[in-house]
Amino acid sequence: MNLGSVFILLPWLAAPWLATRRTGGHCFAMAVALVELVLALVLRLAPGMLHDTSHALFIPMLGALWTLHDGLLGGTLAVLTALLLPISLAFAWRLPEFRALALAALVMEGALFGLFLADNVLMFYIFYEILALAGAFLILRTGHKSRTAALLFLLYTVVGSLLFLVALVGVYVLHGAQTGVYDFSVLILADTRIPATAGLWMFLGMVAGLAVKMPLFPLHSWASSSYGAAAPAGSIFLSGAAVTAGAYGLIHFAMPMLPQAALQFAPVGITLGAIGTLYGAFLALNADNLRHFAAYASVSHMNLAGLGLFALQAQAMRGGIFLLIAHGLVSAGLFGVVAVMEARGLTGEWAGLGGLFRRAPRLGAWMLFFFLAGMGLPGLANFPGEFLSLAGAFQVLPWAAGLATLGILAGVIYFLRIYERVMLGPLNAVLPDALADLRQGEWLLFWVLGLLTLWMGLDPQTVLAHLGTLLSAHGSEALGGGGHGV
Amino acid sequence: MTLELALVIAALLFLAGIALILLRRSLIFLLLGMELLFNAAMVIALVGGARWHSSTGQVLVIFIMALSGAALALTLALLLRVKQELGGDTVDVLCHLREEADE
Amino acid sequence: MTALLVLLLALIVLMSSAALLVVRSPMHGAVNLGVTLLALGILFLVLGAPFVAALEVVLYVGAILVLFLFAIMLLRTPVQPEPEARWRSGFWWPVILVLLLAAVVILLFTRPPPLLTVIREIGPVIIGRALFGPYMWLTEAVALLLFAVIGAVLAVHRREGHDA
Amino acid sequence: MSEWLWLIPGFPLLGALLNALFGGRCSPRGMGRMAATMPFLSTLVVLALWSTHGRDPHLHDRVWTWIAVGRFHADIAFQVDQVTLIMISIAAFVGFLIHLFSQQFMAGDYGERRYYFYLNLFVGGMLVLTMADNLLLLYLGWEAVGLCSYALVAHWYRKPENAWAGRKAFVVTRIGDTALALAIFMLFAEYHTLNDQQLFVAVATHPDVLVLTIAGALTLIGAIAKSAQFPLHIWLPDSMAGPSTVSALIHAATMVTAGVYLCIRLYPVFAAVPGMLWVIGLSGAFTAFYAASCAIAQVDIKRVLAYSTISQLGYMFLGVGIGAPSLGLFHLLVHACFKALLFMSAGVVISVYNEDHDIRHMGGLKAQQPFLRWVFLAGIFALAAVPVVSASFYSKDAIIATAFMVPGGKLLWALALLGAVLTAAYAFRLYFLIFEGPVTPGEPYRMGWGMKIPLALLAAASIGMGWLQFPPGWSGPDLWLPWLAPVLGMPPMPSGAVNVFLQITGSVATLLGIGIGIKAAQWERRGHGFSRLAFLSGAWFFDAAFLRVFPPAVYAFARFLDRGVERTGFRWAFLGGLRDGFGVGSQLLGIGENGLLSRYASGMVLGLLILLVFAWGWM
């Protein structure tokens, strides 16, 4: 037990306590979230404190379950997660379902930290499943409280992760048969020599399990219903933090274990990412309310990130990861805007919106800001990620990356169209007269998010330079030091 | 020959038990069949113990006895309750315990 | 000599269990079970387990069978006013199954492993040592289980009282 | 001096940041003053730059590393050479003048603070664009000015058509941005660098014609979208929905010239591909003619100026295309002055006529606004390129003349000359309709010094700026071309008899145009002017056709993807099938789960039987 274990377990210990409360618990949840944020920063900035090779929970045939490592990538994503939780809670502050949301989000946070720090693939899988369950709970108990959406989410993620498990066990058994060592540690499994065809199938299984969470193109269908059903404040966490789990699994586990298959899959992955980028963009253009719009925008961005990751190329992968992080902030901003509107009784249906800027100029300004960030305006967070992903992927598969570049154009079309519908034009007569602009607290939240977005856009190097060696373990060697060249 | 014959007895008991469980309509006979199954298991455990001169067989039998007794006591209590609630003591009434919603 | 005795026991078991299968009255069934259990008690003695043989008589014939009798009494099954169906509905399926099972068991026993061993008696002392030595925790667990059974039965009954 | 370069874009950006942070606490008037100070400070730094390094500027300032992954390396770094120095002078100084003008012009507007925020941001973005030392930073400025253009065109957002016009401007220019991004990807994939200088060296040593052709074409698309060249010019006329000062700054002086600037900057890339320059020239010459023909039929004062801008930008592209980028830059400078002047004056005219844009409802304004009349006339002189006494005569006519000299340039020359006739015609038609003829009284409008000084300065520049560079064969100043020669080379200027012929044709074209323009004004008054030609006033129906095809196609495709693929394919067929499959499966499996105890037992026995058979097989 060290700081890392405390880091993982604290939210899980806090969650049951929160569950026993009938009312309140706001400050408690927030305090836990802030403590976790501090811990995440400490662990990220002083990674040595985390390293735990004590082989706790060593189980024969499975390996040491509780071995934590101090990967820079996982640490960075953990900081993002820890940052999004308080923001999500703050946006949910006045919701009646605050405790359900906080409960689910805390459990998800613990699971995310666990899987970011885990060295053991089986442990990753377990955390991943817990994440899915808590996510389903969040959808079930907040917002529209839709059973259908929760079930759909669960169906997609659980079936996906079962495929992941099957592929994982395949690698495990192969490795055991070759060396006699049965262990689920990624460092050990990455040594396996896997025949090409079998490797491709296993990689496909893993991709199915991990991509479903991001969500990448053919597996995206849960996203709009889930983000559309959960409370927007919960969607912040769901779309910003939870999606990083899938991408992290790809980079940290799937690709290092099956490097050759990953290289073989790269063109397909890039193509799917490109299709998904445009597909999400067009669906966002035709979305029927603000929640679905934000959901599809998020899908579009995540597909672009997926394109970068699958390209297995130095710029593209870093760009993909950067986009993942940036998307967390921007998505928080987008869903935050939706949350603020819903707190004022605006449902987000187009018919009830229009000319809102006149009543709420601050809200309108921040909405524009995050829309601009979303459409990849340089100087804001998404741009370095998008540009690096595309520039990198362009070197691997030019026509597909070129197709995805049209997403730049599509982004401006759908974001501005929606902005015009909501904010500009004459004041909609159905809007209530006493529509308050941003309150001080909300305003401050947006400033925090906004400054972070700006910082990420203007000085991305601080993050980019410290992502560590991607494709850790033996993957990078097998890929000849970074896949498709530098 | 003793041990082989004892095994044959166990097989007889087992078959009789299974037949009782599968064929009889009354729940009482079903429970009697279960006792026969337990006894078949006990015989085999004892044959094993005798074959390897080990006390483990007998220890196992004692545990089986305790377990079967415990199970039986509980089952009989449940049986009485079934009779009270469902008004019958046959196997077929038990299907009323199933959730009705799906029918 | 012992082989003959065992053969006899086998015959008794066969007959009594066959009778168990066909009798109509539960009371008759209980009596037949008693016969089977007593025969088994003798078999246990032959197999060199006097303590278990004693337990078989005391526990099974003495306690469990009595439990059955109480249950039968409480169920107040009529002594046989009208001929009740002996077999359950949908009879043929299970019969085929049972016959198949019998066939397989017989096939299995057509080539038994040679078990030519002198049977030595293992007395209660050794059993006691084993129970309270290496199997101590298991014994305690079983004790706990029996204790729990009392609770469970009570729980079943309390609901009953509550309903009534 | 080098390490202070960042101050030039830094001041306006700081102004925008201060506005965002503290704007709520201050009065809009105070914000306006602060905002105007910022480009003034930038101008001071630029002036200092002129005084210290004006003769031969070569400055570089690396501020911090922006993005660096492998060889994908882009700094926040600024560089200044001759071209940049001209561009930043325009951006900072004209920007400052327009800020100054806005103090009175925009007073009391409902979005005054927002206006100054975007205006400051725009000047900052434009300065970053011009000073960037790599393509990525250039792209940042490129997008930033695009955003400001959107926000300022849609400034009066309460009218839906204004918001729509802003969006159209952003979307159409973003087509070009996408092409530019693709060009950057291609160039990086081929040459592994983003830095301009390294790129030029690499292009010179390893010219890969295929890559350079595609990348050059894509860059050109980016440039023509930003500079509103045919066929991506359609956004500019609608952008006139914004305040006139915005049109003056963004849609005349600075942002729209970014495309020309990009072509000048990447001149080595274009020059490396045979034929590419001629395509640029053709695009410019055709646009110059096309837009001039549209401008002559417009009745909205700002739309006349908008088409005029498109046309003038065409001349700049023509200058780049004929291998005379320095002349293109010269015309850019001149145009920035006189077009900003014309737009600001037009803003006053519109205010006088109570927000009525229709020039047929105006007339005889010279009596009421004498000052305005003279500065406007100076601008019109420059626009029409009146010989000798207007700056444009020295820049535009030089381009047209040079076009004659290059191989394949006769066609370009003819188009450009035709455009020049039309230019003079619409310029004087505009002037005569507004300021001459029967008087249509307007509202009283008194211009303060804050408005008069910028107009006067720009009017002086419109007349006198051309005297920097006399045509070949004239005795007089010859400053511009030699100064730029180190970076842009010397253009192939005509000489001898051809020169005389070209100059005379240019002047005759202008005078002919002026005559047509005066006539056109009279015809317009009588109700049968060019505006009745629907083909011309509708800009050859190009915009209408575009709007009829492109947006509906996009929306239809989006609807198809949503209803046809997502709802029908993914949700109905896939998920519905999955659900029904689960339903059927559960019913099938549920047959065994009927609550009959003995059937469960039968199942167990069956399983046991199978196991036993297996066991028998093993034995």
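When the chains are written out, they are named A, B, C and D in that same order, and each has its own residue count from 1.
As a convention for this text, contacts are C-beta pairs under 8 Å (C-beta built on N, C-alpha and C of every residue); 3 or more make two chains touch, one makes a residue touch a chain.
Nothing here was measured: the structure is a model prediction, and the numbers come from that model.
Colleague: Counting C-beta pairs in contact, does B-C beat C-D or the other way around?
Modeller: The comparison resolves to B-C.
Colleague: What is the chain whose Cα centre is as far as it gets from that of subunit A?
Modeller: Result for max centroid distance from subunit A is chain C.
Colleague: Roughly how far is subunit B from subunit C, centre to centre by C-alpha average, rounded to an integer in Å?
Modeller: From the centre of subunit B to the centre of subunit C is 7 Å.
Colleague: If you average the CA atoms of subunit A and of subunit B, how far apart do the two points sit, in angstrom?
Modeller: 55
Colleague: What whole-Å value do you get for the distance between subunit C and subunit D if each is reduced to the mean of its CA atoms?
Modeller: Distance between chain centres, rounded to whole Å: 96 Å.
Colleague: If you average the CA atoms of subunit A and of subunit D, how far apart do the two points sit, in angstrom?
Modeller: That gives a centre separation of 37 Å.
Colleague: In subunit B, which residues are in touch with two or more of the other chains?
Modeller: 18, 22, 91-92
Colleague: List, in ascending order, every residue of subunit C touching at least 2 other chains.
Modeller: 88, 94, 97-98, 101, 105
Colleague: For a test of understanding, state which residues of subunit D touch subunit A in their complex under the given definition.
Modeller: Result: residues 64-72, 76, 114, 136, 139-140, 143-144, 147, 150-151, 154, 157-160, 163-164, 167, 170-171, 174-175, 177-178, 181-182, 184-186, 188-189, 554-555, 557-559, 561-562, 565-566, 570-571, 574-575, 578 of subunit D touch subunit A.
Colleague: Which residues of subunit C touch subunit B once you look at their complex with the stated criterion?
Modeller: 2-3, 6-7, 9-10, 13-14, 17-18, 20-21, 26, 29-30, 33, 36-37, 40, 43-44, 46-49, 51-52, 55-56, 59-60, 63-64, 67-68, 70-72, 74-75, 77, 84-89, 91, 94-95, 97-98, 101-102, 105, 109, 112, 115, 117, 119-120, 122, 126-127, 129-131, 135, 138, 142, 145-146, 149, 152-153, 156-157, 159-160
Colleague: With touch defined as at the start, can you tell me which subunit C residues reach subunit D in the complex?
Modeller: 88, 90, 93-94, 97-98, 100-101, 104-105, 107-108, 111
Colleague: Quick check on the complex: what are the subunit B residues that touch subunit D?
Modeller: Those in contact with subunit D are residues 18, 21-22, 30, 91-92, 94-98, 102.
Colleague: Per the contact definition, I'd like the list of subunit D residues that touch subunit C in the complex.
Modeller: Touch list, subunit D to subunit C: 598-599, 602, 605-606, 608-609, 612-613, 615-616, 619.
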